[in-house]
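Right after this note come the structures.
Here chain A shows up in two complexes: once beside chain B, once beside chain C.
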Partner chain A sequence: MILGLLASTLSLSIPLVLAALGGVMSVRSGVMALGLESMMLFGAFSAVVGSWFSGNAFVGLLCGILGGLVIGLAHALLSVRYKMNQVISGIGLNLLATAATTLFMQIIWNNKGSSATVASVDVTLSFLQNIPVLGEIFARQSILLPVTIAIAIVEWFVLFRTPFGLRLRFVGENPKAASSIGIPVHKMKYIGVAICGMLAGLGGAYLSIVSLDMFVRDMSASRGYIAVAIGILSRYNPVKAMLAGSLFGFCEAVQIYLQGYGVPSQLIQMIPYIVTLLVLVFGVRNIKPPAGVGAHEDD
Partner chain B sequence: MNRNRLKSLVIPLFSFFLAIVVCGIIMALCGYNPFTAYSIIFSGAFGSVRNITNTLIQASPLIMTGLGYMVSKRAMLINLGIEGQLYTGAIVAALIGMTDLHLPLILHLAVTMLGGAAAGGLVGLFIGFLKVHFGANEVITTTMTNFIIINFTSYLVNYPLKADGAVAQTERMLETALMPKILPSYQLTYSIVIIALVAVAVKFFIDRTKTGFEIQCVGLNQKASAVAGIKVGGVMLSAMFISGAIGGLAGALQVMSVNRRFIAGFSADYGFSGIAVAALGNDNAIGIILSGIVFGALKNGANILNMTSRTPTEFVAVVQALVVIFVSAPLLINEILHLGAFRRKKKEGLA
Partner chain C sequence: MIEKIEMIDIVKQFPLVRAVDHVSFSAYSGEIHSLLGENGAGKTCLMKILYGMMKPDEGQILVNGQPVSFHSPRDSIALGIGMVHQHFMLSPVMTVTENIIAGVEPRKNHIFIDMDKAVKDVQALIDRYHFSIDAKAFVQDLSVGEQQRVEILKALYRGARLLILDEPTAVLTPQEVDALFDIMRNLKASGTGIIIITHKLKETLAIADKISVLRQGKLITHRQDLGESTMDDLAEMMVGRDVELNVSSEGPVEGEVYFEVEHCSLTRNGLPVLKDVSFNIRKGEVLGIAGVEGNGQSELAEVLTGNIKADQLVMKKDGVEISGDSHSLMGQGIGHIPEDRLAMGLIVEKSISENLILGYHGRKRFCSHGVLDRKNINSFADSTIKKYGIKTPDGNQKAASLSGGNQQKIVVARVIEEEPDVLVVCQPTRGVDVGAMEFIHHQILGLRKAGKAVLLISADLDEVMNLSDRIAVMYEGKIVKTFDADKVSARELGLWMTGEGNES
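Presenting the complex of A and B:
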């Protein structure tokens, strides 16, 4: 049972961690990540559309990344070029993604609740199945598990060990100063938010065509907001975001585990949201985002 | 009307126009004729007395949630929790309404409304408390509490409070707790009078009272307000309480005049629509009444359009989301307006 719980913790953490990694990138470049929900949801939807029309799940995965990217670029355009309040921009896009995905789902599949079933990504780490213990935890995990871990490590390296990462963080801390020494502030922010969109889109695609094979209305279920909390809890550090993300993945795993024991599902489903609330209230005091979040270079 | 006020109307109106156009294009791409669709919506919303009363019924919760969202927004607090506060107000109102308090109609109505408003206000106060004392971002805390409240109320009407039958809902409320109808054969109730009173009260509160003034100050500049001696934390708490109370009252009025009982998941995203209503209403109580009616008309008209032509009603939500984005991005709207002016000049130059 413990091994099973561990295995589902890992698989349920993946979308949260991917979105949180995106959020970290965005916040580090100085743009709030409250639009993560829309990037995930639109990524999940685009992935299903891609898989439906091509019949190939990997094309779907790619479309999911692109779908997230589109919303990410919209968020960047609104908040960087048009200096829109980043909170409102995020919320507006979240509303738009919910509305647009439901509308397009109606148009394509003539159904308000869910899409048709499509080809899903079923490549797993099955080569591990003969190893005791490890096999039980890892053999059924999707190929996206090692991919996610690799992304987290690469992102950490890029942010903290490369000149590019230094510049990106500089822009996030003080766009005015960064601009004065010639760093292209807008370009850095666009890159940060674009990467955020792609990662959140991949996280959404995982929800729709890796752990499932269809799109369900509002299937991101506020995971984008939970990912924002994960980003804060990790102090905007990709490797720690992976660990913080698995805490929330564990909550979801417990939730699914408890459903087999006759506890009313409505009560169990509250668990991840209560934990997020508790973490936000007690776990992240004194954690400050980069100083330049929401600021413009010409303020 | 002076120039500035006229100017402040241009952005919301043009944003709405732009959203309608974008949606028209989407409809056209999907094979629906947008002009026929919009004319069916218009006649569906205003074509007869019955249609107009139905539009007002649709507009009622939207005006309330718009007002609630606006009060917190004036203090620069983003209360996404109106949806949860609406559910809280609705379930408390349904419980009070089910209970025989041996009260005459007017008193039972008042107690039911006050109970719903107080319950929603407490939820708002809780969010404010987390913000002021723990620095917890209200956008995330409200999203989380929405989920918790919607799930918990759903648990309540699925188990302890469930009425007999298949549907997850409470027992019907007593006649003394139901809003009376204005005209005998129409569904419209006196709750629209209450809503108008709330709008006037909100306007008076924001423009003419000390706390209202302090809310505006905190919204404009928190640091300067603190320097000027305003207790920022206290002001935020009162803004969140009032915002939540209006959300709670919205839920109470909905069960008292439409549903007559609490039904699990009854809200058609009223709380989130309030964000668009407040945006189009220019964060002004009277503007919100008008924009609530506009969106109510769209919803009502879209339902009728859906019956006649199977056009999905979801495009209304798309219009709402686009309005939220466009209204809050005046630089974008300016650029589009200037682009138009520039083209026109170019044409004139060529001619």
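Presenting the complex of A and C:
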């Protein structure tokens, strides 16, 4: 049972961590990541569309990334170029994504609840299956598990060890200062938010064509918001985001596990959200986002 | 290598004002050039054009005789121009080294930042100028003076041969100003050209080789030689009329103790901000509070005016204990001119007349039976605008349409016209030009003459020394020493402000 719980913790953490990693890039560049929900949802939807029309699940993954990117760029356009309030832009996109995906689903599959089934990514870490214990936890995990871990580590190096990362963080901390030493503030923010969109889109694609093989209306189920909380809890550090994400993944796993025990499912399903609330209330007292979040270089 | 920079016939037009109006200006390596002018005279704008942060509408910039055009600071930095802004362009949560190298990082393997080399280079630069800063320290742990040095290093690291310093002394203690001037002289000796933007005349005379004076976007004077110049000369050039530079309090204080504060303590985020502060002010007395910003002065003002609740506080006016929130204290005769007019003093989206009665709008003369009396308010506004010389067509304009000095006059007028028994006034002339400064100082002294008690909190030491009868120095939330204003020097105050004072 413990091993099963661990295994599902891992697989449930992947989309949360991917989205949170995206959120970290966005916030580090000074743009709030409240639009994560829409990037995930649109990513999930685009992945199914890609897989449906091409018949190839990996094309689907790519489309998922692109779908997230589209929303990311829209968010960047609104909040960076047109200096719209980032909360409003994020929430607005979230509402738009729910409506748009439902509409397109109706157009493509003539169904408002779910899409047809499509080809899914079924590459797993099956080569581990003969190893005791580890095999039980890892053998059935998707290839996206190591990919996610790799992304987190690479992102950490990029943020904290490369000139690009230093400049991105500088933009996020103090856009005016960045601009005064000739760092192209808008470009950096666009890049940060674009990467955010792509990672969240990949996380969404995981939901629709890796752990499942179809799109279901509102399937991101507020994971984007949870990813925002993970970002905060991790102090916008990619490696810590991976750990914080696993905590929430664990809550989801427990929730699913307990559903088999006759506790009213509505109560059980509240667990991840209650944990999010508790974390936000008690866990993040002294965590400050980068000082320049929401600020512009010319105000 | 920059030898000579010329700006020829520069024009910068904003929607409503011409910030720079056909100005020609030149600077040379190895000399200190003071760019003098009141706020809004166009000094900073002119320099932002030179630094590539703004584009001129007309005119040309020549470096060593060659025309150049700057599209962003990147271009001017590449040619060896550096600028230290009035508001520091640093990230407090990053290290000194990170702040300095951002944008021009040394690399290893083409991908990664070579942090070891960066720290070594930065530390070498620090040591060369004897700045005694740790290259690995976080900027938030540095004093304001040290942060300014980081800004200077940032420019030097990028190979600046011409440094523009925008109001560099505004935030420094007298000792730090002396240290900065030493640094500037060192840089000059090593061939760096320096342009210092300032409206402080004393400092200009102390450090500058040449001066240029701007007024309302126009170049008024350029002087190669300061030999004969006096402060009064320069002030007149800046303002365009004769100015009384040092408005100061006169005559002894004879009133009895009127306003008393005892055992005022405040804790914020678990840290003590005010530690058992006690003082009293007599009738007709100005008590000045001197201190480096962030030592509890702002909080003291907010506690006394009821904007923050203290852990412990006994306040007495005329022997009677008073307490309450900000509104009720206003009713009990405590006037408050807050330090940040935009954050606390004004609602800039509202009209000037509305701002002139803000907080006092419930008074009988402005309001009857719960309805604002427009007629009285307007006549009050008109007469006040006239009396205080607020430059506006009429009282219906938004406060946002005014310059900083005129906005500050609104805040001052509102409180002074109410004739409070006790006035708590913070940074009364921050970001205000010399002319308005003179006027505001007269208003404060007018209250003193009328026998009111005034608590003056200001980061401008000259202001504190000129206006106060007594000066209390705050350091780390405590009043460490109180002086009679005519028996103390700026130097001695500076020592106490930095915790270096001693009783000997």
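Miscellaneous remarks
The criterion applied here is as follows: the second predicted complex is superposed on the first by the 299 of 299 C-alpha atoms of A that agree within 3 Å, B and C clash if a C-alpha of one lies under 4 Å from a C-alpha of the other, contacts with A are read in each partner's own complex, and residues count from 1 in each chain.
Heads up, the rule we're going with is that contacts are C-beta pairs under 8 Å (C-beta built on N, C-alpha and C of every residue); 3 or more make two chains touch, one makes a residue touch a chain.
This structure is a prediction, so every number in the text was calculated from the model and none was measured.
In the superposition on chain A, A:V216 makes contact with neither chain B nor chain C.
Here chain B and chain C are compared by how many residues of chain A each touches, and B touches more. Of the two partner chains placed around the shared chain by superposition, chain B is the only one that A:V281 touches, whereas chain C remains out of contact.
Look at A:I181: by the touch rule set out above, it reaches chain C but stays clear of chain B.
Once the two complexes are laid over each other on the shared chain, residue contacts for A:A7 go to neither chain B nor chain C.
In the superposition on chain A, A:V70 contacts neither chain B nor chain C.
Contacts of A:L243 after superposition on the shared chain: neither chain B nor chain C is touched. By the touch criterion stated above, A:A291 is placed in contact with chain C alone, chain B being left untouched.
Judged by the touch definition given at the top, the superposed model places A:L125 against neither chain B nor chain C. On chain A, the patch touched by chain B and the patch touched by chain C do not overlap at any residue. Across the complex, chain C meets chain A through its residues 52-53, 72-75, 77, 83, 85, 87-94, 98, 101-103, 105, 107, 111-113, 115, 154, 158. Of all residues in chain A, those touching chain C in their complex are 157, 161-163, 166-167, 169-170, 173-174, 176-184, 290-291.
Against chain A, the residues of chain B that register as touching in their complex are 26, 30, 78, 80, 130, 134-137, 139-141, 143-145, 147-148, 151-152, 154-155, 158-159, 272, 275-276, 312, 314-315, 317-318, 320-322, 324-325, 328-329, 331-332, 335. Residues 34, 78, 81-85, 87-93, 95-96, 98-100, 102-103, 106-107, 112, 221-222, 225, 228-229, 264, 266-267, 269-270, 273-274, 276-277, 280-282, 284-285 of chain A touch chain B in their complex.
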